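This report concerns only the one structure given below.
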Amino acid sequence: MTTTLPLLLLMTSLLPAAVTFFLAQDSHILRNTLQLGGAVIKLGLIVWMLFAVATGATYEAEFPLAPGLVILLRIDALALLFISLSGALWLLTTIYAIAYFGTKAELSRFFGFFSLCVAATTGLALSGSLISFFIFFELLTLSTWPLVAHKQNKPSLAAAKVYFTYALPGSAALLWAIIWLESATGPVLFTEPPDLSGLDPAALRAIFALFIIGVGVKAALVPLHGWLPAAMAAPAPVSALLHAVAVVKAGAFGVVRIVYDVFGAENMTALGVGVPLAIVASVTIVWGSFRALQQDEIKKRLAFSTVSQVSYIVLGAALASPLAMIGGLVHLVHQGLMKITLFFCAGIYDERAGIKRIEGLNGMGKQMPWTSACFSIGAMGMIGLPPLAGFISKFYLGLGAMEAGAPWVLAVLLASTLLNAAYFLPLLYRLWFLPRAEDARGDERASGLVLPAVVTAAATLGVGLLAASPISPLGWATLIVTQGYGP
Amino acid sequence: MNLTVFALTGAALVGLGVYGLIARVHMLRRIMAFNLIGSGLFLFFGAAGARGVGLDPIPQALIITGIVVALSASALAVGLVVALARSSGTACLPDEAGDT
Amino acid sequence: MTALISWLVLPLFAALAAIALPSRARLPAALLGVGLTVVASIWLTIEVWNTGAVTVSLGGWRPPIGIALRADGLGAALGVMTALVMVAVALAARHELAAKVAGPRIGFGFWPLMLLLWAALNAVYVARDLFNLYVGLELITLTAVALVAISGKAAAIAAALRYLLFALAGSLLYLAGVVLTYAAHGTLDISLLAARTVAPGDALALGLMTAGLLVKTALFPFHVWLPPAHSAAPAPASALLSALVPKASLLILLRIWFEAMPELATPMTQSALASLGALAVIWGGVLALLQSRLKLIVAYSTVAQLGYIFLVFPLAGGDGAAQPWAAGAWTGAIFQMLAHGLAKAAMFLAAGIYIAAIGSDRLGDMRGLARALPMTGFAFALASITLLGLPPSAGFTAKYLMMTAAFASGQWAWALVPAGGGLLAAAYLYRPLSAIFARDTALTPRPIPWAWQTVPLVLAALSVALGLLSSIPFEFLQIGRPEQAAEGL
Amino acid sequence: MSMMYSGSLAPFAVLMWPLLLGLVPIVPRWRANALRLLPFAPLPALGFAIAGAPGSVEIPDLLLGVQLGTRPDTALLLGMTALVWTVAGWYAAQVMERGQAAGLFASFWCLTLAGNLGVFLAADIVTFYIAFAAVSLAAWPMVIHDRTRAALAAGRVYITLAVVGEAALLSGLMIGAAAAADLQISTVRAAFADAPFGTVGVGLLIAGFGIKAGMVPLHIWLPLAHPAAPVAGSAVLSGAIVKAGLIGMVLLVPEETGWRSMLIVLGLLGAFGAAIWGLSQQNPKAVLAYSTVSQMGLLLVLVGAGSQGVAYAALHHGLAKAALFLCVGMMMLATSAAQRRAVVGLAGLVALSVAGLPLTGGALAKLAGKLGIGEMLSLAITLSSVTTTLVLGWFLICLGRVSAKPQQTPHWGGLFSVVMVLGVLALILPWVLWPGAVDVPRDYVWHPSNMLEGLWPVLAGLGAVALVQRLKLPAYPPGDLLRLFGKHKLRPAFQLPVGNHGARRTKRPALRLLLKVKDAERALLHWPFAGSTLMGLALVLAAFVWIAT
């Protein structure tokens, strides 16, 4: 069991992928059953495992390729945090995507890569060694590309191209770093931190930088963020996946892994690379928000807000104080919930009302109350209004910053809060308080679209309200930090 | 002593061949140059094999094989040249047709 | 032993049969020959896996009088790869080069040439004698040239002739080296040469042989003959030429440098060879970027991909005692040979399908073909993953092993080559891919039989699977591996 | 899983009840009549306060561990707030027009109310912060409810400052909490003393609270928002909501800090400046708004001076100011001369109380406030009565000018009586609560010197009123500093800069280089060159090997 479970988790999305590719375009029922079935089973497994791991069980599966090339799947608390997020959101996104695409073209291709992408994310979460992390990291890149290019029109193909131009050099840097490190320390497992004594500090700093560049591309750290806003040319479910579940998260997750499982917090501080990383994250936070302010396309604005928000996670990791790390980890989940809500809603506005730009939102609150309510919750959460999810993360990050003796971070959080408000509140204002345009149409007769948004919005509220309960993401993040990375 | 003569002649042939192979444009000349080099090498080979006590049978075997190989190569080459001349009207490579 | 012999002679007989038999029986005979040879190579592989390297002294005569054949892990592995490619090519050619489609000349000529090539390749994989290697190499060259010219088009003939010109020059250089070696040591058997006492003439001999082999391997700057030749040939032939032919001369290089004359390897020469390889990676990549025809892109990518393999000289070479990384580098290089063989064959066969479908391989005409021929598009994409060296493909395994060796041996600069080369490959493969996967279809393609479409897909999938299951091949390659590869020269 | 809660659920229920009512308008059918519920929303809180705010509760799983409970001063303000909201809610239920917009208004009304009650009930900073955010941000829709240009402009200024305040407050709280390693309000407050960057933290807190409490110069939103909101909204804004900022300062700003003196200075500045500036207003609601700024200034002075009577004084001001705003509303609805006289009468009475006429609740409030603060300050407070009388007198004049409404409104009388109750309570309640709230016997009120201190400023003020009635006052629109500092025009809508979407970059030079490569390739193709290079290479390799061995 202990070895088969990780495999099962992987299979729940790999098998649907493999089968879906060869399904006929019009065999909708079978395809949807496969997708939903896989998602549900995976979620079940995850829930089961949550309890098992909470009682101290560990799961591990190992496949040696060539010497030094070992795929190691291992389930620890951190992996579980990420995997439960992606598992839950995958189910919702699948429901949403099925409703979104209806009977459009090329669905077998889409859903094939869609589940492949999730398989990659699962593998990423379960990776117990650097090299397996890299392998799934690459698989993720490859499986996402067709999703971005799915529409196959000029903008989306261009977006896909941009995506590759950023992603591949990034992975080259990552591979370089991994091999450089492992040539001195041997294969790196996340269970025991490698012995870095073999490398001089300069080399270690360089390796760290390479690592951060490698995962930073996916985490959309400024200045490596260019692909993310471009990628909003993809269909809404993909954006949701990209921004909340898979790609960007994978990057942030990678940063956490590298900081805490490869280098270790104290080494990072000793090398003096923590503060620079924190600065990069801060710059990203502010710059992303600032650019978001300038966008008048809803999805573009959301994309830039992702750029900014994901760096909270990086910031939390970089500050390397327990509270900050809890904040970062919990934001991994919280940002996912909030951003996926926003993208779901953006997709609904686009799909049901043809709204792409913010002017279109005027007065939509009355027209599409549920969507608009969910959107508002997500937006307010992003701003960090209590008692929503975003507030919890921000609060812990702030405390952590003080704990780490980096009060300037408070200024960053302050600025980001104000900027977030500046680019989200006008949207809410338009939604609820401005008169509707005469030709405004739009309805919410697609429950498959609205329901997931409602669920995630409710979750955004719930994780904030019940933050202190042990089963909340915050509780789990606290568990991780106290177990694994406690000082 | 005569061995050295053979060896030197072989070397000379090779030299001549190399010059022809590089300097000449017409493909037939190049093929002949190739055969020249081949013969030179075989001559040298034979000389090398004939040293020491008694005769070493191996070089002879090898040389015969080599000659066969060279022959078939030349045959193929000539065939191609003919085909080239038929299709393009010249027995020179496209990019060199200009220079003599 | 029987396995080895039958593995050598079966394709030869099949070739003769394909020539001799009347046209009706030709194709069945050829396919039968292919089938039997595959069986033989599997058999041989199992034998090698069970009992280690298989050595045969022909007619019971031992070297230096007799001729020895030896199937070690390396040779057998290449043999298996060759068998796979041959089967795929045969299956594709059944559709593409049927006499009524491609004309009588190709219909007649292709099968014997292919089988002859196969026999020659197998001979080279197991030969232990420099002169036998020469003969095998010549046989390969001649069949390859014939395959290039087989279509009879003017461009093809010119390309073939240029190929022949370069190739013959190469063989002469090699032959000269062989002669000098024999003159100095009175033997050409690799194992005996390894035990020889170094003579002053060896340097020149080695230099001549190496240079000759470099031309045949189409290493920069002697690659120029390859792209026109490979793109002029019909697709299945191109697959053979690109996937297999250069590997033979490359193998001989490895045999000479790692087995026959390891003690002559010096950092300077090694890095000279590796630098040429690095240049090849860059040069081939850039030129592939500039091509507008699919087959030319693929051909230039061959130039680039072969460049990686030359990193083996400084990485697995280098004086010094037992070096743990050497095995990694050596195996990595061979993985690259295998991965490239499979992937490149898949690519050329895919190109063949596209040409058969729309009668052109210009990128402009290929827009949106993925819609009509999804499997082929998928195959091309998979093969690209291998060439990019992305996990979990075998290309990645090779890249990883080489880069690790580079860092471990403190020559990290060499690691830049695979890293950068991967990006370059991404750049030049992105263009055909984005063309194939574009939405608007330029031409309405002719229907392609399903069986034909699966062929490249399977090959490409194999090139990825080789990476996923690389532990067994890794073991296999260590069988009968030269000590020098284990411990460094 | 720990136990769900410990303590009595009463405070929690008090808080939840308005939130539940706030959900009612979600049902479309009920939306139209949601306003009817408003007066009932604060009732549990009112009862809770009257019962002496018994019991406290801890709910560990909620948020970051919710703790609710009151202290004497917060209990006072809790009751006042509940009372104000009840009456204002009644007024809104009677007067405001029903409809879709009303539903939205009702929801936010309840949310704001919950927040307003929450700031007095919260015992941990997270709950407090959440309540504070609710009371600031949820009040925004009430400000812009009428959608007039002025309302939208005011709303824009309001929300901007509110968000800035939130951010500042959050940062301040974080600094404190990080030092305290605990979320209890009292602990956090104590921790500021020797927290790293504690002073900055306190400064941020004061900024955050100051915005809400209308502290000069952060008050700029107040004279814009209070008049713009519907009457009921203005009543709660001026009466109850501003007190959230005040209680924040009381609860979280530690005694020993340099900021205190700044509080006093700014307070006095507001107390006198705002009152004077109020004379430049024509709209009675605007005048009242400025008087609120000045009264809050006084209260801030008390906070700065560490007076015990802050809550007590605030209680009176809340009731009175709410009553005054409602009077404006009654005036707008009044039709007969009798009604108008009645309104002016009530307003005058309450105004005098605010000014501190002896024996009124206001006088008691001032006396209680002056207890235990320095001579100079108490003198200043006494003096402030003059300006207060002046500005409120001016208010009465403007009130008289409010044009009557043509048609009769139903049950005006009933409505007025409710407002009257509120006003009267403003006069009476301080008498009732004195024993509990102030620790000197009530006879202190009758002390002649105190009577005198209360009387003469009022008389002086009345004289001044008589004076200003004569001379022509300049008339400015509300929003003093905003206009002073070149904030040329107040825009109603948010207009954001829209960035360019990235210009295309051309890569021609790279192309030219690549073409050169192609030429080079052609040169390599040339056999004589290639062949000789080949021979050369052979020899070079040989040479390499030769050299090495």
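Labels for the chains are A, B, C and D, by order of writing; each one numbers its residues from 1.
Rule of thumb we're sticking to: a contact is a pair of C-beta atoms (placed from the backbone, for glycine too) under 8 Å apart; a residue touches a chain by one contact, two chains touch by 3 or more.
Just so we're on the same page, UniProt names per chain: A = Proton-conducting membrane transporter; B = Na+/H+ antiporter subunit C.
In this text the structure is predicted, and so the values were computed from the model without any measurement.
K.L.:
Moving only from a chain to one it touches, give the least number of moves from subunit B (Na+/H+ antiporter subunit C) to subunit C.
P.N.:
Counted as steps through touching chains, the separation is 1.
K.L.:
Which chain pair shares more contacting C-beta pairs: B-D, or A-C?
P.N.:
More C-beta contacts join the chains of A-C.
K.L.:
Taking each chain's centre as the mean of its CA atoms, how far is subunit A from subunit B (Na+/H+ antiporter subunit C) in angstrom?
P.N.:
68
K.L.:
Could you tell me the distance, in whole angstrom, between the mean C-alpha positions of subunit B (Na+/H+ antiporter subunit C) and subunit D?
P.N.:
101
K.L.:
Quick check: how many Å separate the C-alpha centres of subunit A and subunit C?
P.N.:
Distance between chain centres, rounded to whole Å: 43 Å.
K.L.:
Once you find the CA centre of subunit A and the CA centre of subunit D, what distance in Å lies between them?
P.N.:
The answer is 37 Å.
K.L.:
Where in subunit D do residues touch at least two different other chains?
P.N.:
525, 527, 531, 535
K.L.:
Could you say which residues in subunit B (Na+/H+ antiporter subunit C) touch two or more other chains, in rising order?
P.N.:
21, 93, in rising order.
K.L.:
For subunit A, which residues are shared contacts with two or more other chains?
P.N.:
none
K.L.:
What part of subunit A is in contact with subunit D in the complex they form?
P.N.:
291, 293-296, 300, 323, 366, 383-387, 391-392, 394-395, 398-399, 401-403, 405, 407, 410-411, 413-414, 417-418, 421-423, 425-426, 429, 432-434, 464-471
K.L.:
Under the stated contact criterion, what part of subunit B (Na+/H+ antiporter subunit C) meets subunit D in this complex?
P.N.:
Against subunit D, the touching part of subunit B (Na+/H+ antiporter subunit C) is residues 18, 21-23, 93, 95-96.
K.L.:
Could you list, by residue number, the parts of subunit D that touch subunit B (Na+/H+ antiporter subunit C) in their complex?
P.N.:
So the residues of subunit D touching subunit B (Na+/H+ antiporter subunit C) come out as 522, 525-528, 531-532, 535.
K.L.:
Which bits of subunit D are touching subunit C when the two form their complex?
P.N.:
Against subunit C, the touching part of subunit D is residues 514-515, 517-518, 521, 524-525, 527, 530-531, 533-535, 537-549.
K.L.:
For subunit A, which residues count as touching subunit C in their complex?
P.N.:
Those in contact with subunit C are residues 21, 64-69, 109, 131, 134-135, 138-139, 141-142, 146, 149, 152-153, 157, 160-161, 164, 168-169, 171-172, 175-176, 179-180, 182-184.
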